[in-house]
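Both complexes shown next keep subunit A, but they swap its partner, so subunit B is in the first and subunit C is in the second.
Right after this comes the complex of A and B.
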């Protein structure tokens, strides 16, 4: 590595970071200045920055209620994902008849878009009496195949001898998962938390279908409602976007190290 | 986790990490902000009205305009005291305007006022100046 200078790599990374961060900066800048996004020449530094578009958003819709709904649904989704995906991931590390078929089934099911399963999901949720409830809003996202494979990859990287030793000591499979595997798979857990949070937080289609009362709506639905009668206010719209995005970005920044580790664990097994 | 982390007491490892400290800081900020709001949301809007020469105007009608969906509507009105001061005590909004008028003296422009929260107590720094009274 010492043979080649590192600055070209850093330069390329800086350029890539700039390209990716500019849209975020533009949204943030417009949210505090309300400037016309089509103005030419565009101003890089916000003129007369103020927080009042955020105040407008707060009072234009029941933001606190929508935020609470999104938080509750996301927490339910995260807990369900960590528990169910860990169990599923652990089972896929075991040897059993038809394991390859199950893996193939899982992989092929990843290609089915959620939109095609909405009607059965709606009917099942309705039969369970969970429509227009927090549990019903979280139900279709209780387990995701990608996150199962994240756990599987992480569990695969744990030496088999450790599981055998735990089994000889008399631990059940349940205890092996929670007392042996999970403490060694914190990165996979962080990845599960972040991915399930982001998917749940940003989900629009399912809450649109599964909610009936305005009190049960989540933030993406609130954004759609807000757009319907505040379409002339660019600053307020962008402020709303920042308020919706902020929790996800904060969570990612908090757990980014674990997140990246979780995505790459198992990639260099052995 | 390095050796130094492991040697720390368990409670420190649980409490003194970014997953606890950042949410705790956010909770503290939220509680502090709400305390500030609760103690400053009486809906009081105060100010003064002066004439073109800068002298206080008594008996001028001051109107409080409140943003209502798409436009501003008059929410309340009051008259100024002998020293030209006025006060509204029931502003419900965060986006308001105030204007003053007195026949024979003139009228002021509508002054927009943006507040950080609804019903925030506010004192107008510059007086409302009545002009063009003819």
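Right after this comes the complex of A and C.
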């Protein structure tokens, strides 16, 4: 379009980027400063930087255990999500009696946010005997409606002739999904993996409710508990914070395109 | 005679297959969406705790909530405040999306930096902002004191006036990138020839924004609003970690109140009644937003 000065745009965006980044810097700075973190005035650049607080974290909490718990719950969630959602998405591409009722049900379920289910969800999981277990932590997130629709849209785009050909070759529906359709629905799968990873990895409320023993705590829970035990009297809290954030930021920067695509298609579809 | 029989068997087999593919997902949604909704309603009319048998008490829970419980009202207003603050974030995001959508160098980098905060763990974000708002050595107080804006540091998260705005600011900070990306997608879907036609007709940039961009962005904007509200699990994490609902109940929101009622006071029945009201509130706001946006915010293209 026409000619206009670019510097005001850069200025505004630099300011916005600054606001988005400065909080990270402030915590990073605190986590590597060697002095008393409550000294006033606070230093802008860490004086005498050292990794002592990071060492403290390893002694203060079972970081590896929390990390393992988070990984196990996320892996269960992601695998269950891809399998269940792909199956349900495939069903919705077929014609069958009661399809519109199922669609209505899915759409109305989307209107029930998780926060409004916590009391019964706790009681139900208790009745199933799954409180304080990996399965119980992952179960409520086993299937997600948004991702079912993402799969459905992706399957719908596959030419029917290909599926018919596979069927004539004698493939079962199960094999058609996994051998013919899934390789063609890679972007839907990436979307689902990323969304379910973010949801389970960052989830705080459900682990807070459904775990009792210290052994079962996931990273967000460990972080919140660490805060409540130690208050914010030590820089180790901020070192812990950085240790939790670093893998997430790294993953985001590596798979940025997929993240953005996944989150927008997830949102645009529902 | 054999053929129709065979066909029937084949279609039954197909139906069984389809339903067995749907069954696991349906089971999860039944267990964790439908059943909880019904159970909440049932529980809200009862006096019940895990050790005692349930007694039907009609509207007593609701009576207590609406007429005697000041914390409930405080939490309700705070929740409405947080939902009502979303337009501020969306307005800022709209501005940023317009800027990022221009053909300047490095716009992908700006986009990444602004989006970065959204997918991160909210508990960690809450700890970051606790530290930013810290009374003694938080950056915000430090800068305010450097610039002589305040005489003495403001204890943001311990102040009845400042605690809620502080939590809202942190919430907007985290949601900003998400709003921006959604609006950006909407912007990029507006056909460019509309602008060319308007420019030929002599409409200036401001009029073009008002008459073309804004109306065509309406669905994206309301999508932001609805998703932002329904996904505001973030606000539970933020409030729980930043202030735990305090000072007093200054930052109590309905979700944190439900959590406290259920899991620290073991009043599941009363918590269920509060949940029902919370659910109706969300439903009402979504419905209104949907109507205002022209009826298809968050709609799924079924076929």
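The rule is short, and it goes like this: the second predicted complex is superposed on the first by the 181 of 270 C-alpha atoms of A that agree within 3 Å, B and C clash if a C-alpha of one lies under 4 Å from a C-alpha of the other, contacts with A are read in each partner's own complex, and residues count from 1 in each chain.
Here, contacts are C-beta pairs under 8 Å (C-beta built on N, C-alpha and C of every residue); 3 or more make two chains touch, one makes a residue touch a chain.
Given the structure is predicted, the values throughout are model-derived calculations rather than measurements.
Trainee: Between subunit B (first) and subunit C (second), which, if any, makes contact with A:9: first, second, both or neither?
Mentor: Once the two structures are laid over each other on A, A:9 reaches subunit C alone.
Trainee: In the superposed arrangement, which partner chain does A:158 touch: subunit B (first), subunit C (second), both, or neither?
Mentor: neither
Trainee: Of subunit B and subunit C, which one touches more residues of subunit A?
Mentor: Of subunit B and subunit C, the partner in contact with more residues of subunit A is C.
Trainee: Please work out whether A:21 is in contact with subunit B alone, subunit C alone, both, or neither, and reply first, second, both or neither.
Mentor: second
Trainee: Give one of first, second, both or neither to describe whether A:50 is in contact with subunit B, with subunit C, with both, or with none.
Mentor: first
Trainee: Identify the partner contact of A:201: answer first if only subunit B is touched, second if only subunit C is, both if each is, neither if none is.
Mentor: second
Trainee: Once the two structures are fitted together, what part of subunit A is touched by subunit B and by subunit C alike?
Mentor: The answer is that subunit A has no such residue.
Trainee: How about subunit B: which of its residues touch subunit A in the complex?
Mentor: So the residues of subunit B in touch with subunit A come to 18-19, 22, 69, 94-95, 114-118.
Trainee: Over in the complex, which subunit A residues touch subunit B? Could you list them?
Mentor: Touch list, subunit A to subunit B: 50-52, 55-56, 59, 229, 250, 254-255.
Trainee: Spell out the part of subunit A that touches subunit C in their complex, as residue ranges.
Mentor: Interface residues on the subunit A side: 1, 6, 9-10, 12-13, 16-17, 19-24, 26-27, 30, 37-42, 84-85, 87-88, 90-91, 94, 96-97, 102-103, 105-107, 109-124, 139-140, 142-143, 145, 148-149, 153, 173, 198, 201-202, 204-205, 208-209, 219-220, 223-224, 227, 232, 237-238, 241, 244-245, 248-249, 252-253, 256, 259-260, 263-264, 267-270.
Trainee: For a test of understanding, state which residues of subunit C touch subunit A in their complex under the given definition.
Mentor: Subunit C residues touching subunit A: 14-15, 17-19, 21-22, 24-26, 28-29, 31-37, 39-40, 43, 95-96, 99-100, 102-104, 106-107, 110, 112-124, 127-132, 134, 136-137, 139, 142, 173, 176-178, 181-182, 185, 195, 223, 227, 230-231, 233, 236-237, 240-241, 255, 258-259, 262-263, 268, 271-272, 275, 278-279, 282-283, 286, 298, 300-302.
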